[in-house]
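In what follows, chain A forms one complex with chain B and a second complex with chain C.
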Partner chain A sequence: MSGTAGAATPTGPAYVGLLALPVAGFGLLVWGLLHHSLPWALTLEWVPSLGLDAAFRVDGLAAQMLALITGIGALVFVYAHGYLDHEPRRDRLLAILALFMLAMVGAVSADSVILLFLFWELTSLTSFLLVGWNHADPHARAGARQALLITMAGGLALLGGLILLAQMAGTWTLSGIVAAAPGLRADPRLPAALALVMLGAFTKSAQFPFHFWLPNAMSAPTPVSAYLHSATMVKLGIYLLARLDPAFNDLPFWEFSLVGVGTLTAVWAAALALRERDLKRILARTTVSALGILVLLVGLPSPSAGLAVAAFMFAHALYKAPLFMVAGNIDHATGTRSIDHLMGLRQVMPWTAAVAILAGISMAGLPMSFGFIAKDVITSAKAEAELLALVSHATVLVNATVVAVAGVAAVRVFWGRPEFPRARVREVPWSMRLPPLLIALLALEFEFLPALADPLLLAAAQAISPGLDAGVLSASYRFDNTLTALEITLGLGLLLFLFWDRLHALGHRIHWLDRYGPAAAYEHALHGLARLAAAHTRLLQHGRLSGYLRGTLAALLALACVMLWLEAPPLAWPAPPPEQAVAWSVALVLIAAGAVAALTLRDRLALLMASGLVGYGSAVLFLFAGAPDLAFTQFAVETVLVVVAATALRHFRGEAPRLEEPRLANALFALLAGAGVFLLLLPLAALPPDTALSDWFAAHSLEAAHGRNVVNVIIVDFRGLDTLGEIAVVAASLLAALPLLAGLRNRNHAA
Partner chain B sequence: MSLIVPLAIALCVAAGVYLTLSRDLFRMVLGLAVLGSGVNLLLFASGRLGPLAPPIMEAGADALAAGAANPLPQALVLTAIVIGFALLCFGLVLAARLANMARSEDADALRATEPPGGEGHKPAVLEP
Partner chain C sequence: MTPRSVLLDRIVPMLYWLLLAAAVWILLRGHNAPGGGFIAGLVAVAASAALAIVLGERVARARLPLAPLPLAASGVLLALVSGLPALFSGHPYLMHFWGAPLEVKLSTVMLFDLGVFLAVWGALAGFVLALLAAWEEAA
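Take a look at the complex of A and B:
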């Protein structure tokens, strides 16, 4: 991946500063846990007018997440130093990782739903940047886009769901919503709100049918995969569901959705793991599977399910992160992650092999590992809940696959006859050996010294299931059931491990999965969107001016029709003609004659005259309808316009060419526009005019502006600024016309 | 007789729209002029045609006479006339220059800023 060419990236103060962030965060968390009892709460005033506070609250569940975020974060930062030893942009990657860490810390400690959403989206954004880190690789770009689109779409759903919940509960805090939940049962909006929240959580935690983004996000550098896509970010959806679980776990809708989707995800992802050859992708599939189990556990109504969620979340992070680092070490040392080419690495990479064995034991749930304890509490939780037999059998299958994958990652690639020339492959540096070893040893230590982890686990479990009593934890360390279950799982897992290659060949032959699966649906939707945009652009942006005008007119007319239909104004005949009937008639006949003539004339000069007729007709009407100012302006404008038009006319042919155009459609548009204006004018005479403004202008014209001509006063005094703008428009059009005119003149000279 | 005012205005607008939809550049611009006149008349008529005295105070009087016309639409139309005039002059010069450059007075032939023609008159669009 990083290769050996080029100089190693120097370790600067930026790296030390960035590493100090998670270390300090972890230290602060431990200090806080030792000196202050949970929950910690902090509320700052944010937008008081909306009743929004920046509320933070850390209870047992949040503290557990914080421990994972800062603890694993610190080790990932160390690991990244070795993994990216030849990457010149290493400090930038770590800066984004640090930003991600802060977003995660914010997301799990936020009590305000708006803050939770903001931090939630920030984790999606930073994940996008990190997955697309090797941006020269098209797969990395596609994976980053996919992760972003899916988690952001889910984020939108989440926002809607949270706002609905907050409105129903009358509070913007998660703890308030949970407290108000008993009163929300009858609300018809509750199923919709919960479905939206679930959609957000399912996309974030890669549940079926959104599971496919997680394996594709494996294009990210391995420290990112170990941190974001196994230990922390993908657990955020589970975290939110667990947060809301005390409020809704007795709703059948909640229980069935979570158990159903969780089981389906776990089985589906386990089956797909068998089709992969890339070590990282295999691990990613089992991560999805584990997330499915976690969702299933959150959905179980029994109190000990809370303990199972807390224990498994912890155990999974503690074995999956080291395993990802193992995959990264192998990649770093050999340049490949395909299990077909990896054999017997034990001899050259003994440290990595040791880590893989330790983490693999925990993953398989063998005794003497933290994974075993997790498996034990899961078994108790499932025994307590009345599960469908189907779900029980499904989880056994999933566990068998997990055992097989643990075998592949910990045994298969390290044992057997080495395929690599030993001189070429060397063990990775210490900075890449120590972090996974520390995490794996930590998991081991929790098994032998449960007193270290138990208080935190219990606090987290009680945050998920408030009814859980403290004695359950020690009492649940009875391993009889688990050992029986373990025998079945191990036996099945061993079979799967031994027949892995054959099963892979079988799974690879199922082509319809690639064509009809959710991943294919995503691709189809993405291409469909592009095609829709192309077709829509072709339809609307065709480059023909008259077509644009028709489109605009059609929209305007449709709008007018809707308004006429909604308002349905009273239609009335206009007032009887005033005294100047003759003058008016002359004016109106001029206008009408000009308009009709303009329609038919093809000679351009005659057309110009006809349009002038309309203008002069208007001027006559103004003159005899009490608007002498308008009349004079219109006369002047028409005269000058004829001069300008005559100049322009020199550059056109004398007669308009007969072009092919949709005359009937154009006539229809014209008729509709005319009819609309006619309908607009008819009711005017019946409606009393609103003269409030006119009266105000008339009353203040003399006193405030010392002018007797009210129209002039309006223009130059009351609306003087508008008139200044108008003058600017005229000046600008003159300035714009000048170069055009110059161009015309040059061309004529040249011609 | 009484219907002639709305009829004439509607006719003016209809003729303006029809001319504006034309492919011929010159007809299009003159259509704007006719349409503009129609809209000005519409605005003017919306102030109610009736009182005929101009909205100007007599010397010595300190208020408008009772039969004076509504001054507000007049002020608006006055602005519209001037703006419309500027727009038309610029439009005419622009049309002349375009016709001169493209050696065609067909608006549909002005495709210098459009993507290269795809199937028929349709522009080529980047396929996904």
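Take a look at the complex of A and C:
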């Protein structure tokens, strides 16, 4: 929240530059719409070896989304200037908002499914940063994490679904998948693919049972809530469903899922709205409800449903964004968003009250508003689709709640006896009055001059329902159905509004909802995951070195047994070339001596030397077996290790402590492990060595890579990328170990 | 502090430079004879470790061309950069070039191997010096 104390944050060139982004985007969009006919397409070569192109395509639906993203975006940027007037990190918030806007622009204009997925995830990521903006607030952190986990998990499902669809259709573009859809009907993978895509869309658009993240995301600063969580990002799921709808809307599976989930979400969220007291959370619940209605509309097979989706998506953005800004204004001026403490604000905040009334009218769907037109189109679409009576009644109930919420947001808090001393509460600055007023006036203007919005709406509707007739738009303004439905809704809504407090008290008493709802299930899963990780870590990472060693050797042994049991390979005794017999014997004696000494010696330093002897013995073996580089490395490593460890041992005098371990069992285990490894190596010795690779390297080393040392040439040239990765790991391991090593020093200081 | 040996105090600083010279020699001969960046890096680590054991971890740290982590990072960076000329001339990344300006055979491979050398030296010396420092304090 922005405080009222302290100096105002200065407006720098960074702010102007960031504000220019959405303004320029909106200008460009309008210019494009005036001068070029839709759809616009752009295809760039991306990964030709995979047949993957960076394909972009903007049709009517995408253009409508783009208009919302850039248009509302520009006004939100202006609004945020006032809302965060004392926030020193304001430009940073706007930079993330700008990144989010670019991601949204990318997501709605992408035709390639991979690009769509990337931009989709980028919107989730930026949303995470924005919800968690007030990171000192634990609610904000929890809300941000919840939004991220749910939408990202859905994003993964979406990726799977999109890849499946792309593989079935043989193309990576959405338009290609839609075009190829008739041929996919018989494919047994289709239901799985569509279910995965729906999962992605439902999580993003906060559908039941994933609806709970959206109200919790209200910890974000209000410009973010108005922009991401009502006007744009949460519509992305609807957008994708609408995009795929022309291809699959005659599938019963598709229709039932969308209509079922959409209806359930709309009703459930409307009921939950009655339990809230926080103005923003009430609005968020109705947003979820509206998203449910949109999903339901996408699922309807009638062609005019496309028009209803386009109109309602537009209308919802035009009334919900200003209402969020109203909530933000109230919060900014009074410091609270609880409707219990807000009354009579009309007298001190007349401009905000005017905006609230304008937007509220549209939200309630009263005549003289764009919301009314949307309601009308929806009613026609539902009448055409022969909906189940249950669904029909449910939506009436939802609409009544929406009317009641509009009353709460626009009437209740502004009328009545003021509770605040007038001197303390002041109207917000102009930068916070104008943006919501402009949006609300725009919605009003579209009612009187529908011709302004019609072309865009029609283009969007035709993108969803290609068969839609151009004449349907004007013809659908019939209003006779709507007026009857409106009277019922308004009557019910008025009742809900009047009994709001009593219903709230009732809803608040239903405690089982908090214990068993999907939100509680999410919390359980999250805690369960932490508990599982803790138990698993305690079991495996107990910190006893001998235990680790036993586990590793046992796994190796088991592997050896399985291998020998599956297939008894020929065994052979490895024999050294006769001229190297002496060298091998020396090496073996060294190794054996080191091992025996390590078993019998008790002095720490002597033990260390004995283990070094084993390393030196292997180095001798490498030296004579034709691997001088390896021997060289082994000598150097062994020397550094022994010297460094010996330095450490200077600090521990006396004998090594007796281990409290069963010595006999350990000895037996070690013998077994040694025998197992030995058995594993015998079949390897029996295999005729495949020299194809080493011959190739030997032949090409000097000629192609100008080096006579084949090992080094492989390291730095032939397999240079591997080496690059290895040294990066070596350097990164130091980076990771430094905090641990510093902890070691701190412990010494403390001791 | 453990008692110091006069002999080691005199010899090891000389040994340090000798070992580093050997490391550079191993690095440069690596392409045609046993050697190369990895081994050279290990020898340099041995030099740093010897210095740290005799004269203290602080002295050895100060003798490194950079602090351990930046040293390791610069090595990785050098190896990364050595592949760029190939990229800019339309060849696959990390394809190497040879040339002999001024009668000395030079190549991007040498840059790469130098990067390996620095990465190993910086990272492992970082481990060794930090451990020695912890033990020195514990003593």
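Here, the second predicted complex is superposed on the first by the 554 of 751 C-alpha atoms of A that agree within 3 Å, B and C clash if a C-alpha of one lies under 4 Å from a C-alpha of the other, contacts with A are read in each partner's own complex, and residues count from 1 in each chain.
Throughout what follows, a residue touches a chain if its C-beta (ideal position, glycine included) is under 8 Å from a C-beta of that chain, and two chains touch if they have at least 3 such contacts.
Quantities reported herein were computed from a predicted structural model and do not represent experimental measurements.
Student: After superposition on the shared chain, which partner residues are touched by A:G720: those of chain B (first), chain C (second), both, or neither?
Tutor: second
Student: Contact-wise, after the overlay, does A:R745 reach chain B, chain C, both or neither (first, second, both, neither)?
Tutor: A:R745 contacts chain C only, not chain B.
Student: If we overlay the two complexes on their shared chain A, which of chain B and chain C does A:A737 touch? Say first, second, both or neither.
Tutor: both
Student: Taking the superposition as given, does A:Q541 touch the first partner, chain B, the second, chain C, both, or neither?
Tutor: Touch status of A:Q541: first partner only.
Student: Is A:F624 touching anything from chain B or chain C once the two structures are fitted on A? First, second, both or neither.
Tutor: First partner only.
Student: Who touches more of chain A, chain B or chain C?
Tutor: B
Student: With both complexes overlaid on chain A, does A:G674 touch chain B (first), chain C (second), both or neither?
Tutor: first
Student: After superposition on the shared chain, which partner residues are touched by A:Q580: those of chain B (first), chain C (second), both, or neither?
Tutor: Once the two structures are laid over each other on A, A:Q580 reaches chain B alone.
Student: In the overlay, answer first, second, both or neither for which of chain B and chain C A:L388 touches.
Tutor: A:L388 contacts neither chain B nor chain C.
Student: Which of the two partners, first being chain B and second being chain C, lies in contact with A:V711: first, second, both, or neither?
Tutor: A:V711: touches chain B and chain C.
Student: What is the shared patch of chain A, the residues that chain B and chain C both contact?
Tutor: Overlap of chain B and chain C footprints on chain A: residues 628-629, 633, 637, 640, 644, 648, 650-651, 708-709, 711, 715, 723, 730, 733-734, 737, 741, 744.
Student: So in the complex, which bits of chain A are touching chain C?
Tutor: Chain A residues touching chain C: 628-629, 632-633, 636-637, 639-640, 643-644, 647-648, 650-651, 705-709, 711-713, 715-717, 720-721, 723-724, 727-728, 730-731, 733-735, 737-738, 741-742, 744-745, 748-749, 751.
Student: For the complex, give me every residue of chain B touching chain A.
Tutor: It is residues 1-28, 30-31, 33-34, 37-38, 40-42, 44-59, 62-64, 68-72, 74-75, 77-79, 81-90, 92-97, 99-101, 105-108, 110-111, 114-115, 118, 121-123, 125-128 of chain B that touch chain A.
Student: Show which residues of chain C lie in contact with chain A when the two form their complex.
Tutor: Of all residues in chain C, those touching chain A are 2, 30-39, 42-43, 45-46, 49-50, 53, 68-69, 72-73, 75-76, 79-80, 83, 93-94, 96, 98, 107, 109, 112-113, 115-116, 119-120, 122-124, 126-128, 130-135, 137-139.
Student: For chain A, which residues count as touching chain B in their complex?
Tutor: 526-527, 530-531, 534, 537-538, 541-546, 549-550, 553, 573-581, 584-585, 588-589, 591-592, 594-596, 598-599, 604, 607-608, 611, 614-615, 618, 621-622, 624-630, 633-634, 637, 640-641, 644-645, 648-653, 656-657, 659, 661, 666-667, 669-671, 673-675, 677-678, 680-682, 684-685, 689, 691, 693-694, 697-699, 701-703, 708-711, 714-715, 719, 722-723, 726, 729-730, 733-734, 736-737, 740-741, 743-744, 747
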